Amino acid sequence: MTSASMKPQYGWRRTLYEIIFESDTLAGKVFDLILLVVILTSVAAVMLESVESIRARYGASLNVFDWVVTVLFTVEYVLRLLCVNRPLRYATSFFGIIDLLAVIPLYLGLVFPAGRVLVDIRILRLLRLFRILKLTRYMGEADALKRALVASRRKITVFLVAVLSLVVILGTLMYVVEGPENGYTSIPVSIYWAIVTLTTVGFGDITPKTAVGQALASLAMITGYAIIAVPTGIVTAEISRTRTREDGPEPLLEPVGQARACPRCLKGGHTADARFCKHCGAALGPHRAH
Amino acid sequence: MTSASMKPQYGWRRTLYEIIFESDTLAGKVFDLILLVVILTSVAAVMLESVESIRARYGASLNVFDWVVTVLFTVEYVLRLLCVNRPLRYATSFFGIIDLLAVIPLYLGLVFPAGRVLVDIRILRLLRLFRILKLTRYMGEADALKRALVASRRKITVFLVAVLSLVVILGTLMYVVEGPENGYTSIPVSIYWAIVTLTTVGFGDITPKTAVGQALASLAMITGYAIIAVPTGIVTAEISRTRTREDGPEPLLEPVGQARACPRCLKGGHTADARFCKHCGAALGPHRAH
Amino acid sequence: MTSASMKPQYGWRRTLYEIIFESDTLAGKVFDLILLVVILTSVAAVMLESVESIRARYGASLNVFDWVVTVLFTVEYVLRLLCVNRPLRYATSFFGIIDLLAVIPLYLGLVFPAGRVLVDIRILRLLRLFRILKLTRYMGEADALKRALVASRRKITVFLVAVLSLVVILGTLMYVVEGPENGYTSIPVSIYWAIVTLTTVGFGDITPKTAVGQALASLAMITGYAIIAVPTGIVTAEISRTRTREDGPEPLLEPVGQARACPRCLKGGHTADARFCKHCGAALGPHRAH
Amino acid sequence: MTSASMKPQYGWRRTLYEIIFESDTLAGKVFDLILLVVILTSVAAVMLESVESIRARYGASLNVFDWVVTVLFTVEYVLRLLCVNRPLRYATSFFGIIDLLAVIPLYLGLVFPAGRVLVDIRILRLLRLFRILKLTRYMGEADALKRALVASRRKITVFLVAVLSLVVILGTLMYVVEGPENGYTSIPVSIYWAIVTLTTVGFGDITPKTAVGQALASLAMITGYAIIAVPTGIVTAEISRTRTREDGPEPLLEPVGQARACPRCLKGGHTADARFCKHCGAALGPHRAH
């Protein structure tokens, strides 16, 4: 959604838009800061509420606080709907849905006395943080990382397919070798074990007990280790490359074609500090800084 | 096996070949898609069948489904044999054997009422996926990864020999220090522990209990950590290098062959500062900046 | 704090300063060596004292040794205060506080018969090591590492925010899916589990038991693995870049400044193919091959 | 030890030296191959002997085999002593000591009816493998890896000191926070835990139980993860650099100073396929392949 089409041309709705959606004005910055604090405390509250002992003691207060946040977010949601030019488009955008999910659980809870699942959707309020982050200079860096990942997506896909095949075959092998009596109760469980092992997480909830199983696991770990070096390699190579292009070391020579040509012999290849043509000795014009 | 020698010149066998072995025609693409779906559901069925509770409930249906897949694959296998020029060469090729292994377990199961092992060979149907993948553009990427691994094979071999020696000696040391009473029941088991530790998997099924054992393990983990950085380094360096060659940053000089062509001999490959053709000595025109 | 303002101009205080704060004189080097040994043995003593069996047997001796070290460090602290030009500034500097924390626990222990906490502050004596290290040539290397980390700080921040969001959402999901009955007793505990898993530590104190939980964990581990390759990539790219600048491969062209000097203006920085000085336009002599 | 000074000038001792110490002759190659097989089977035997069930059943045969190997290695050791020019220098060299350690345990076992420790020294026979490997072309690769590690040694030292400090402080903190009742029985044990955690091994034999401990551990894991990316970065950068120098991509231009100079204008910078000077158009002499 482009800002242009969403932002009202004038009036209080434009002012409201600038406060709620942008952060160029003082009011907009203050709004963002308050939003940041409310989101973080609200998420913290959801997290703490899940702790048995805290719920027993502060359950009532947390509940009140949650309703306060819900009302605040509801007001904000309504204001957002009011001040954009195309409310439906906002409501169906990624952040529009997140904004709705941030308020709806408690209202739904009034209708259906639902269990844990419904209430815990509130944690998605965390994603609202990205709305604020989106406005910051960090997005450039995030973009660089995303570009590196996107540029490597094919290599990563190939790698994932290879790893998944390896994991399915290794899991099946271990299921056959170790069997249900050693914790490898089914092929899916064995595949879960294979993933836990090859990613070097190694919970240890299921471990090979037989000699053949341990030998196989050892082989898998060592081979796996070599294979698992690959994604790091891919991403690193990609970041290195992006990095070099963006803000790499000062080039020894100006890049070909961008350099000042000599006015007499028309040849280029002069370094940035050159005052005379290195080919014919003619004086060069002043160097434009870029 | 080159396509040329395997593909019939004309007739229904040629059409069949194009459908089954290739994916350039519409029929070939549809065939590949169906094959993909059958393979994936069949593998999923094998996996689910291994789960106790699912087997108890849907065992019969899964068995029927498995026979359907087996018959389908059998028909396909026979068709493949029929339409290639050299059936024996196909049958002994890597994919020929995989195709056979995909159908044989159930037939063998009729003869020998065998246990788990035989039936689970069916999981190798998964490898049939690579036949389909082989035809896609992802193979280029897979090749790049393979080249990076192959180019590093000697360094990796040296690394593996060093790691294996380390692991044998560390395992023996821990066996001596901790002994069978702390879970290090034999040298092979201790070596298994050393591999689990040095690859940072760390199951925790066997852990050092004595102070000396813990000190030794700490030393091994830290040293090991430094050592284990090596394969990542090797692979990354290799991928970086390949990457640079392929589509790296703009070279300081114009890439060979894209530069100005010689007006006399029409050959390229001149550097940016060349004034005369290096092939025939003719004067080159002035270099156009781009 | 610049040395200049802290170092006395003359007298015994200057001599003392040179011994205690610097390591250019023989006395200064001997002082540093003794300090190094005292710090290391003192830290070792604190560590050993925490071992039940050693405390039972050698508790008294260790206590005496600790008082000896404390008195030594106290004398040193007083001397440091005496010989610097601005004692208050030293006392409030990072190392000044560390120096105080190294001696204060035992004295405070006389007043308050405190528990473990107070006494274990003594381990911070270890940080005094960095005072000695600061004077060595290793600081250049440490600086290079620090620069690489600082240069990547924005990318690392973005990465950490992304990982933290992922970890909070994954933790909440697992709390909902697995629930308290499988060890995921609260959202914070589930987040702890998510961190343990995504960093590939994998203690195994909490593990998914349900099929959905294991599938989710598998997905998280594989996705997480790809994501976790990113910081390595960032740091590696940064170190590679620094490295290249410092002492990289031979450049295609002669490094600026080391090349042939102009016979007229004596300035360097000419590329290998230069025929005229780029600074003054004088003709350069032929290029000597090396 | 240089070959020159150790190798006899003539006679049967020279022949023996060529067989035992070198691998240029056929006899030398056969000797190496036999040695390789004997070492590997002997090490395998030591490993298998440590397995309770195998020792119970094949203990006698393994013992006989071990004596056969010991006698063979003894004969070999004596022959080595006989055929080198300076036996003492050989006996005190690294491989000389390994050769002795390979035979001595069983003889000592006759004198002292010693336990496990003595016998398991036999596993060091494995190191004899490197004597054979030393003669192969893989040493070049091993050297490249070693150079990369040596070149990074200062950065790695700084890194290790930083990690060790972190580990000591983290260990002490966890000891204070969790205490002996949660498995953190002493500071050394807590440091062991910190190493297990920061290297991402994560056995899970000791895990934080309190909320503060889990929060601290989470922080340590995430911070640690960023830090731990550093050695990989260091080694990768070093390997990349070595790689580039050794056998990097074909340079676009011949390296400065090695290129053919033009016989007329004396300028260089010609690519390998140039037949005419790009500066003045004169014919260049034929290019010498290197």
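When the chains are written out, they are named A, B, C and D in that same order, and each has its own residue count from 1.
As a working rule, a contact is a pair of C-beta atoms (placed from the backbone, for glycine too) under 8 Å apart; a residue touches a chain by one contact, two chains touch by 3 or more.
Since the structure is predicted, the reported quantities are computational estimates derived from the model, not experimental observations.
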Identity of the chain that, by mean CA position, is farthest from chain A: D
Over-half contact-pair match to A-C, picked out of the listed pairs A-B, B-C or A-D: A-B
Homomeric contact chain B-chain C: same or different residue positions, threshold half: same
Geometric centre distance via CA averages, chain D-chain B, whole Å: 28
Between chain D and chain A, distance of the C-alpha-averaged centres to the nearest whole Å: 40
Shared interface positions of chain A, touching two or more other chains: 188, 191, 200-204, 232, 234, 236, 238, 240, 244, 248, 252-253, 269, 279
Chain D residues touching chain C - in the complex, by the definition given at the top: 154-155, 157-159, 161-162, 165, 168-169, 172, 175-176, 179-180, 185-188, 191, 197, 200-204, 207, 211, 214-215, 217-218, 221-222, 224-226, 229-230, 232-234, 236-238, 240-241, 244-245, 248, 251-253, 255-258, 261, 266-269, 279
Residues on chain B engaged by chain C in the complex (per definition of touch): 200-204, 232, 236, 252-253, 273
Chain D - residues contacting chain B, complex: 43, 46-48, 50-52, 116-117, 120, 123-124, 126-127, 129-130, 133, 138, 141-142, 144-145, 148-149, 156, 160, 163, 188-189, 191-192, 195-196, 199-205, 228, 231-232, 234-236, 238-240, 243-244, 248-249, 252-253, 269-271, 273-284
